[in-house]
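Alright, structures below, take your time with them.
There are two complexes below, and they share chain A, which is joined by chain B in the first and by chain C in the second.
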Partner chain A sequence: MSSAFDPQRWRADFPVLRRSVHGKPLVYFDNANTAQKPQAVVDAVDGYYREYTANVARAVHSLGEQATAAYEGARDKLARFLNVPSRDQLVLTSGTTQAINLVAYSYALPRLQPGDEILVTQMEHHANIVPWQLVAARSGASVKAAPISADGELLLDRFEAMLTPKVKLAAVAHVSNVIGTVNPVAEIARLCRARGIPLLVDGSQACPHQRVDVQALGCDFYAMTGHKLFGPTGTGALWAKREHLDAMPPFFGGGEMIRTVSFDGTVFADPPHKFEAGTPNIAGFIGLGAAIDYVENVGIAAIQAYEAELLAYATEALQSVPGLRLFGRARQRAAVMSFLIEGVHAHDVATLLDHEGVAVRSGHHCAHPLMQFFGVPATARASLAFYNTREEVDAFVRALDKVRRLLA
Partner chain B sequence: MDTPALYRDIVLAHQRAPRRFGSLQQPSHRCDGVNALCGDSLQIEILLRDGRIADYAFRGECCAIAMATASLLGERAIGLDAAALAALQQEFTALVQGESAGLALGDLAALGELARYPARRKCALLPWATLAAALAGHAHTTTEKDAA
Partner chain C sequence: MSQETTAAAAAAAQDTIVDEFAFFGDWTERYQYLIDLGRKLPPFPEEWKTEAHKVHGCQSQVWLVPSGSAERLEFAASSDSSIVTGLIALLLRVYSGRSAAAILATEPRFVDAIGLAKHLSPTRSNGLAAMLKTIQQYARSVSAG
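Entry: the complex of A and B
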């Protein structure tokens, strides 16, 4: 390895990585599905439940103060992590899906007219397709998808041509969850801005792998999830420009999001709280705060460089497997590899790899349109993280060869 | 690889050389079944004569488990009427849930290992659901009526 990055140094921090599956050491290659959690995250969640369980923003007692400080501290950490201009532009959500739905219902729906369009891409996750379809169906608008190349890159000129005055919002993945394509979001944002079209970026798969700077990207909305960033499930966030947040009505009503309530009318809290009705996932966000500290300590630049090397190594190794087809060859790619072995169904690949201790995902990866584009019902997907190693890639490739010999 | 028991010889044999793979000249019933969560899809055609399955053919793009099940099911279904098939389907469902030894199932009992693979059960249930839907006169079915 040419870089000094040593994954072994970090592996010890992840309790799950010590276990075995079917008597073989676990090789966890399903990180794009959800990432493993370092002990620091487990401890942070545990510490809240053990030592200072309390609700946030409504208790003046010591435990409440401590819980509120830790929870809001996590918002600060996430705001810094994403280079959000101001912490009150960061709405905490249950994940990317809720964040996108918030924009769909609160921002897009009131603005959409019959004949309007929402522009997405062929490579989107269902979470960045279905919410738009739902609000389009209610408003008479439609969802259009910009095409991609055979290599899985967005055809930017086609995307630009589709940015007609009918388009009221564009929504693109920062990184494809299926084939790892890193979209040129800053360039996409420039095209959208020039036409006054707001851009939402689905950052689910980007945050664990590369530095995300929402201001440098120049988008209007950025949605992300915590559980792929080594944090607890049920955590995520929406960043939106202040002018959008001010203009958006609340999506959920309830406690925590109001200033005053009477039966003559209710005055809502300022953003972000006006979008955060009810008791939030306090423990989860405290855990996410610990995850961000952890990732910052490892170093996101070091992670990105190491994963690029590991991806190159894995891609080359996969090519040695006879009959293996790799989907997506984008020039800018995160460490996500979708593949099939000729004559073997993705589910059989996943079940048999599991018997060798290797965890991969099989199926359509919540991206039916992309499967249709490639003309396959399903693929197997190996997605890497900074704690994965070349030795694990070797074990994975050996296991694949066994699968091939059994079934192909 | 120590081959996992799920992929026993009989399952592999039917996956590699499925019986009754293709289509019928003049089917009386036909149904397309999909397992939307995993992407398995198959089509079953049957010829029903005097209330009994006289002929059976299937084709599709499936995993080894669905393929072997559809192949074994075709061998077993010939001569059965809807009631007998429903009883067998019930027993097969119990088998893959670990609640029956599947004594009446013959070679299909080889799929009993699915009791240890909850995530793969639908692969084997798809051919059954598709055959039952075909008999009921439906052109399409899915194993996910109760799931997203």
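Entry: the complex of A and C
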């Protein structure tokens, strides 16, 4: 049964999707890398620069007030979108990477002792590995990775067994950027909570594809990025429980994050502002606010249902390509497909697909440990969004077959 | 054929490559020919695929082994990517078997001329720019010695 969701209705809102590449209609299947932006987002950014460019929170003139209202309005929209209990628990960052680094340096580092552990999984993006390694190296702690199955699912019993008293923080991806595995975060959070271990969730790949409710998940920290959610680059957020935010020292010092400054001592502003030194990416967040409005208008539940259908269709279509190996077959999967064609390098596949107008990513996807697990240096990855269609999947598979015949 | 070590011989090799690629209509023919050139390279011994021979700055794996002296430098190279191996075959036709002076005097203008210029952009990181740099560095080091 096919859903009533009509991707064509939404495609028209995305200017980039109208263009061609090498004379072929663009098939954009690199959405897990960054998503395209609807006209409403472009207009919101353009509107700020054309009509009310001003700094936020420090001007009483009309432009400043308008800019502040739009910028803080984006915080409200994002807080509602993630079901954050209170807007002042949402720290605006440049993206997931900055959000995780903030937790690593302001929360984890002051607490870590030699011999302590930070538990991650084998499927993490480098952004959810390297910050922990950096603070571990400074404190004498270590980073451990919970194993996954051949299908690319986290081995929950092994994860649980690794949650020893040495573990001071656990950090897992909500959705794998390479193989699309949706981790059972609520269950993971329950295991962590039972042991008093705080849990950070890297939600970079989850927010564009499913309803995220940080309170229902039951984690302590949730990091996300705006540019994969059809918003501008350089936008993202960290949600953290109030008790954590209150206890965390600021990471960056500067303007906008203080109450009073003197050489005898400086009093910091309350969260979230104490973590937001300097002039923020105002235009970017105004754009992100428009992106959230847009996504909510399309409907995240409808997006999730349609993408599940499209993923099933694409997965089946890919099986028709001889010699194709698909990586990751988790039961709960977002619309991300990593693959290789036997005897063919992933970069060659991506290079030649580009000539057919098809954009996929190739490489290690910032996940070396996962590549090591699968025993390959790189994969090609097709990642879908709600504006992609079955016709595009067909064009992709035809192009892939052409490329295979050329290279195999 | 490639016994000639001079910059003029390297220039002639580039002209030949440009002529060969001039026949192709669409990208599939161009890449098919490139991939076939890579397949015709002499076999690259597995034991040469060491860390020391690795050319860094490539997304695919590339190994390059120089030999000879300033009068005549030889290069053997390989990659796990078929396209990059094809690019290697072209680079070797231009640069391998030349003098260090000829190597340093030769710009790889053929890359632009055959519509593969995007492979030379440093952001492509696919190894052609890095390989060229390695070849030139080697030529410079033997000239100085």
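As a working rule, the second predicted complex is superposed on the first by the 407 of 408 C-alpha atoms of A that agree within 3 Å, B and C clash if a C-alpha of one lies under 4 Å from a C-alpha of the other, contacts with A are read in each partner's own complex, and residues count from 1 in each chain.
Convention: a contact is a pair of C-beta atoms (placed from the backbone, for glycine too) under 8 Å apart; a residue touches a chain by one contact, two chains touch by 3 or more.
Bear in mind that the values here come from a model prediction, so they are computed numbers and not experimental data.
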| item | value |
| --- | --- |
| Chain A as common anchor, with chain B and chain C clashing or fitting | clash |
| Chain B versus chain C as contact partner of A:L406, first or second or both or neither | both |
| First (chain B), second (chain C), both or neither touched by A:H347 | both |
| First (chain B), second (chain C), both or neither touched by A:G363 | both |
| Superposition-derived comparison: chain B or chain C, residues of chain A touched | B |
| First, second, both or neither for A:M371, with chain B first and chain C second | first |
| First (chain B), second (chain C), both or neither touched by A:V261 | neither |
| Touched partner set for A:A137, first chain B, second chain C, both or neither | neither |
| Partner chain in contact with A:A216 - chain B first, chain C second, else both or neither | neither |
| Overlapping contact positions on chain A, where the chain C interface meets the chain B interface | 344-345, 347-348, 351-352, 355, 362-363, 377-378, 402, 406-407 |
| Interfacial residue positions of chain B with respect to chain A in the complex | 1-4, 6-7, 12, 15, 37-41, 61-65, 117, 120, 123 |
| Contacting residues of chain A [partner chain C, same complex] | 22, 344-345, 347-348, 351-352, 355, 362-363, 377-378, 402, 406-407 |
| Residues of chain C touching chain A in the complex | 27-28, 31-32, 35, 59-61, 80-84, 126 |
| Contact set on chain A toward chain B in their complex | 344-348, 351-352, 355-356, 362-364, 371, 376-378, 399, 402-403, 405-407 |
